[in-house]
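Shown next, in structure tokens, is the structure this report addresses.
In this document, chain identifiers A, B, C, D, E and F correspond to the written order of the chains, with residue numbering beginning at 1 in each.
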Amino acid sequence: MKVPGTGLVRGLAVTLRTMTRPAVTDQYPDVKPELPPRSRGVIALLEENCTVCMLCARECPDWCIYIDSHKETIPAAPGGRERQRNVLGRFAIDFSLCMYCGICIEVCPFDALFWSPEFEYAELDIRNLTHEKGRLGDWMATVPAPPALDSQGPPPKELDAALKSLEKPDRPEPADG
Amino acid sequence: MPLLMPLMVGALLFALGVYGVLARRNAILVLMAVELMLNAVNLNLVAFDVYLRDGLLAGQVFTLFVITIAAAEIGLGLAIVLLVFRNRATVELDGLTDLRETDPPTALPVTADEQAVAT
Amino acid sequence: MTPVYVAVLAPFLAAVAGFFTGGRRPRTAVPVAVSGAAVALLAVLWPAAQAVTAGATGRYGDSAHLASVPTGTLPIGVDLRVDGLAALVAVAVGVVALAVQVYSVAYLKGDPRYSSYAAFVSLFTAAMMLVVFADDLLVLLVGWEVMGVCSYFLIGHHWEQPDAQRSAVKAFVVTRLGDVGFLFGIFTLGVAAGSFRISHAVGEAGRLSEHTVTVATLLLLCGVVGKSAQFPLHVWLPDAMAGPTPISALIHAATMVAAGIYLVARLYPVFLAAPVTLAVMAVIACVTMLGAALAALAQDDIKRVLAYSTVSQLAYMLAALAVGSATAAVFHLLTHAAFKALLFLAAGSVIHAVGTNLLRDMGGLRKAMPVTFATMTVGLAALTGLPPFSGYFSKEAVLGAAEEAALHEGPVASWAAWLVLVVGLLTIAVTAAYVTRLWLMTFFDAPRSGIAVHESSPAMRWPLVVLAVPAALLGFAGLGHGWLPHWLSLDERVPGGITPLDPAFPARPLHIGAVTSVLSIVLALGGFAAVLAVWRRAPSRDPSLRLQRLRPALEEAFWVDDLYDRLFVRPVRLAARSVRWTDDGVIGAAVAGSGTEATRVAGLLRRAQAGNVQTYLTGLLAGVVLLAVGVVTLT
Amino acid sequence: MHDFYGDYALVGVVLLVGVSFVTAALTANRLLRPSAPAPGKRTTYECGVDPVGEGWAQSHIRYYVFAYLYVIFAVDAIYLFPWATVFAAPGYGATTLAEMFVFLGFIAVGLLYAWRKGVLTWT
Amino acid sequence: MLFALLGVVAVGSGVLVVTTRHLVHAALWLVLTLGAVAGCFLLLSAEFVAWVQVLIYVGAVVVLLLFGLMLTRAPIGASDELDSSRGQQVAAAVTAAAVAGVLVASLVDSFRGARIDLSGDHVAGSARQAGEAIFGSWVLPFEVLSLLLLAALVGAIVLSRRDISPDPVPLDTRSGD
Amino acid sequence: MIDVLEGALRVLLVLGAFLVLPLVVGQTEHKAMAHMQSRLGPMYAGGFHGWAQLVADGVKFAQKEDIVPAAADATVFKLAPAVALIPYLVVLVAIPVGPGLVAQDLDLGLFFVVAVMGVGVLGSLMAGWASANKFSLLGGLRTAAQLMAYELPFLLAAASVAMAAGTLSLSGIVQQWQPWWLLWQLPGAVVFFVAGLAELQRPPFDMPVADSEIIFGAYTEYTGLRFALFLLAEYAGIVVLCALTTVLFLGGWHGPYAESLGWLWTLIKTMVLAFVVIWLRVSYPRLREDQLQRLSWQGLVPVALLQLALTGVVEVLIT
């Protein structure tokens, strides 16, 4: 038979127990918080991969990605013809509007955008929260390496595809390795 | 300490209470004025109790009783005032004149024999 | 004594039967009434016959005592008595009543209320019989009052007409006024005499003190004056003519008005013991006699002429009593009953024929109504006192008695007797004048009424003829020394005091003086000639117009009526109105006023209830403070 | 001074000291605090939005009943204290106890009435 | 001397109670008056009664009054028509003056020289004496009082909670808790 | 002259206790509540473990701007905090710390305490009304209703102790106290403590200041020092409640070496009780308004009446 008061006492016991145990707070300014690898601090841009396909800008729900680009014509290679090539002008993300959803990163076909756990970029003036291309590039340094694959997990698809293409007999060995 | 002092304070408080009861329009203020009058009475009781060195402490015990009854009374008074407020949306005593005399009935009906005499 | 009972009860039973059956079966009313009157007459004839045959010296008298009503002091005895006087008067009443009953069957044919009328007449006859035969003053008073009531109902027979109502009331009130004195007179006399029996009272008359007798007789005189319509209280008789004519004939000619005279005759020894009263009677008689005659001269209504003549003739009887001759008075009463009833019935038939009472509308009825003309002429002749008609003899008896009282020592003062004699003679002239005027205007000259006149029906004609006989012949009964005085056997004033009514006492003979009779005949013819001369000059005009300035005075009977009206009626009415005004104006106003006043004051208080609780509280506390101050300062 | 007054003299002094302390703090605050009156600041606080209607809100009648219940019971309770000091003294034994129980009994009936009437619970 | 001060405070605040144009201020001035009267009791050595006055009046009755004011929509600021019509005021003033005059006159007249002796030996205000008095000789009124309170309680409940009476009057439940 | 000095000393002592102890309790509350929620609590103020956090708060409040809403009734608005705070100061006078150590031993000390505590209600009512804010009005009404509802068990429990001790003076009660009273007066003690908590609107019963419902109840419109005074009043109330409970139910300065260390025992017991108060704040959710009222009238008052009956019967039996 449940004695009516026990719930109350057990509640007290819980609070007492937590009091005796060390607090979990680590004092932030002195102790840096170790954030989980994929925590969404800020977005870093690998300029080289970006082909200005504008997918990220178009997909961003908050329209906080501003991209300018211009066309350059690459002189034709000896056997080819001239090719037009988009060259990235301005690439900026306004973090005061960004809601850190990560759609731009996922949608970028060329893996130009990466999450970085860095969060200490508070500004006094809201306008400074619009990081230009340069600053975004700097964040690349803080992007952690992608997590190792799970040892027992299934091999990654790319590896499979590559192995499969190797096993396919009828494909002529690529000329040069 | 001269006995007159508490008596004077009591008398003045009582007079103020009377003025309050008669001059105030809001029912709750009237109740407050009644409280004033009751306090004046209490002061008087205690003053005489102490002055006469009453063995039975009649004055003080009566003051207790008066305070008790006043509390009960003010409670009921307010209950009534709230009820009036709910019905009439006002606690202005001036507005509550339903029990006044309506204008006098038309002239007395002349009885049959008066008419006979008159013709 | 049984015929007396029958005489009284027969009409009474007829009246009772008439009252109860009359409403449902009117047709039976006529036989009942007539048979009642006839039986009464027959019953009365028997004692009358005995009175007549009682023998030269005997006095017929019989009395009966039925019951005695204890009243604590003097018992009232229901006593009846019959003697010569009573019997004769009863016969006269019976005859006239029977004549009237028969006459009114025709006269009131088709009247819806005939049964009640007939019943009242029977009741009246019974009452008159009771008065005649009563031997106890109070029994007499009963009959006296019932007669008054019957006269009221009968005068007011046509109560839908306002003047009938008024005159009925007037008659009733005036006679009652007289009866008050009469009642007290009975009491004084009864107490003084020790008993209400008339015969006892008459016996005691000598022994009573002068003063009480005078007072008693004077009071009784009031009743007589009221009932017989003498001077002060005569005003009701002319107005009583508003009743149907047979009633005037019966009540206001023959019976009721005569009752007063009959009473005095009955109690004559008492009156003889009071010379003062006799003097008063004499004066009243003279005034009434002359005044009424003059008034009759100027009346336009035929019935009012006859009414005033009745008053005048009654004055004659009173005069006779005043001068000491009861026999003359009764003799004149009998003759007058006969010819005045005749005249009224004749006038009735004339009115019935012409349809109006007014003389100026009549004229020239001689040829149209021969029987009425003849019988009326007999009546008028008797009235004026032309020989050989009955009037002459009775009037002469009266004048003779007056002459004897004047010349020799009579019961009354001599000056009174002389006064009676002179005024009597003068009135004969005036009487002749108005009789002639009536006679000429009614029957001669050209007919002035528009309608065709024809003789009235046999039922009306036969009573005229029957009454014409005694009117003509009754006079001879008074001749000589024998019959009438003997029959009446009245005790007269005999030198040396009054003797009680004892059989042995001889009746006083009628005395007709030679000088007075001649003088009266001359005066009568003079009056007749004067009016005839005036009438011949202008046959269609009313001869009395010659009087010019005097006429209104006469017509209005010297404004006595107006005088009374102004003296009594108006003040009483004024007093009544003021009483009513004070009642509702002052007292009523006070009561109602108190009510309205209270409401008004309440109105003021109501305004104070303005509903504001605080004002109430303020008033309350202010009151408390005042009380406190009052207590502190006062104690 | 008479010791009876002495007791309360100290209480009076403490009261005065308390009042003076609070006024001193407030006047110091008046000196130290900035005063930048702005209309926005002085509007009634209604979670940041503009205040709607006047400053009065219709409140339920039952609060009055609770207050009145307290008044009635407080008036009972004050009789407990003199009773407490006296009832154990000689001469006042069980009878005084019974009296007080009668007294409290009636009031308990009142409480029971309120309870049964559901004055104390509301949907 | 102290008593005179308290008296002045009491009467002064009393005057303000009946004349102030702020409804709630009247209640608060009433508190001051009651406090001053409690002080007077204290100075008259009626200790227990003083604190009863404080507890009951200041603690409960005034709160009740404030409740009453709040429930009847008492206006915040000054409201000028708290006093009845001019005529009524004058009448009230006159009556009050008359009452005061009579009371003062009669009291002064009869108790001119009387003095209260508060010397040490006789202190009758403590709770013990009050207890002895009440339970010694005033037991019956004490018992009857409980009946009165019961009646008052039931009466108030019936009056104010019409919605739970036999023929309930539905209260305006729109008004929150 | 001497007793004047001594009097002044006592007053200073009381004032000092009134200012220091609430701050201590406040600090312990910050730290204990933090650690119960596995937090650290204030660490920076005053160096070691943020011991001077409340002093810093006080200084901060002293400098904050004091805003009186336009629609408010100014005088009443300004007076409210004083009326709420002073009763607790005055009450401290009568509480005996040690065997002889009491600022002023009043003959009816207990009744005095209870009466003065009753006045506190006015402060919150005035605040609620004066700030002309719908939420504060409702908060004021709730506070008043709650205080009213819980004043009564408070009174009854105190009365039962007075009955047990036979006197109303607090030092007398502590004198009379015997260990077995703990058991005898246990229900009274629980009722007293719970009622006390409700009096102070401490969390299990903090509906009047329930920020989720009516922002901060009666004190919504208050800023600056006035707001600080209300908080000080709250913490002073905790001190007073715990002190009273120890004095009445836990035997005040009783304990080993009572003569010399009596005051220490009182303090320790008061601190323990204060910790319990804080502890309750962290562990229990807030009650609903109707549950609050029902708990009082249908729970605490009957228990208190039974306690009275028990005390009375036992008292009569043993004497």
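Observations on the structure shown:
Heads up, the rule we're going with is that a contact is a pair of C-beta atoms (placed from the backbone, for glycine too) under 8 Å apart; a residue touches a chain by one contact, two chains touch by 3 or more.
Everything numeric here is computed off the predicted structure, so don't read it as measured data.
Here the chain-to-chain distance from chain C to chain D, counted in touching steps, is 2. Among the remaining chains, those touching chain E and also chain F are D. Using the contact threshold fixed earlier, the set of chains in contact with both chain B and chain F is D, E.
Most remote from chain A, judged by the distance between CA-atom centroids, is C. Of all chains, the one whose CA centroid is most distant from that of chain F is C.
The central chain of the assembly on a C-alpha centroid basis is B. Of the two chain pairs shown, B-D and B-C, the one joined by more C-beta contacts is B-C. Centres computed as Cα averages put chain B at a distance of 13 Å from chain E.
For this pair, chain D with chain E, the centres built from the Cα atoms lie 15 Å apart.
For this pair, chain A with chain D, the centres built from the Cα atoms lie 61 Å apart.
Separating the CA-averaged centres of chain A and chain F is a span of 55 Å.
Annotation for chain C: residues touching 2 or more other chains are 612, 614, 618, 621. Within chain F, the positions touching two or more other chains are listed as 71, 107-108, 111-112, 118, 132, 137-138, 141, 144, 148, 151, 168. Looking at chain E, residues 45, 47-48, 52, 55-56, 59-61, 63-64, 67-71, 73, 76, 84, 88, 91-92, 95, 99, 118, 127, 130, 134, 145, 149, 152, 156, 160, 176-177 sit in touch with two or more other chains.
Interface note: chains touch in the pairs A-F, B-C, B-D, B-E, C-E, D-E, D-F, E-F.
Of all the residues in chain E, the ones that touch chain F in their complex are 22, 24-25, 28, 31, 47-48, 51-52, 54-55, 58-60, 62-63, 66-67, 69-70, 76-77, 126-127, 176-177. Contact residues on chain D toward chain F in their complex (touch as defined above): 6-11, 13-15, 17-19, 21-23, 25-26, 28-30, 32-36, 39, 41-47, 51, 53-57, 59, 63, 66-67, 69-70, 73-74, 77-78, 80-81, 83-85, 87-89, 93-94, 97, 100-101, 104, 108, 111, 114-115, 120-122. The touching residues of chain E, when paired with chain B in their complex, are 3-4, 7, 10-11, 14-15, 17-18, 23, 26-27, 30, 33-34, 37, 40-41, 43-46, 48-49, 52-53, 56-57, 60-61, 64-65, 67-69, 71-74, 81-85, 88-89, 91-93, 95-97, 99-100, 103-104, 107-108, 111-112, 114-116, 118, 122, 124-125, 129-130, 133-134, 136-138, 141, 145, 148-149, 152, 155-156, 159-160, 162. In the complex of the two chains, the chain C residues touching chain E come out as 612, 614-615, 618, 621-622, 625, 628-629, 632.
Residues of chain E that touch chain D in their complex: 42, 45, 47-48, 52, 55-56, 59-61, 63-64, 67-68, 70-71, 73, 76, 118-120, 123, 127-128, 130-132, 134-135, 139, 142-143, 145-147, 149-150, 152-154, 156-157, 160-161, 164, 171-172, 174-177.
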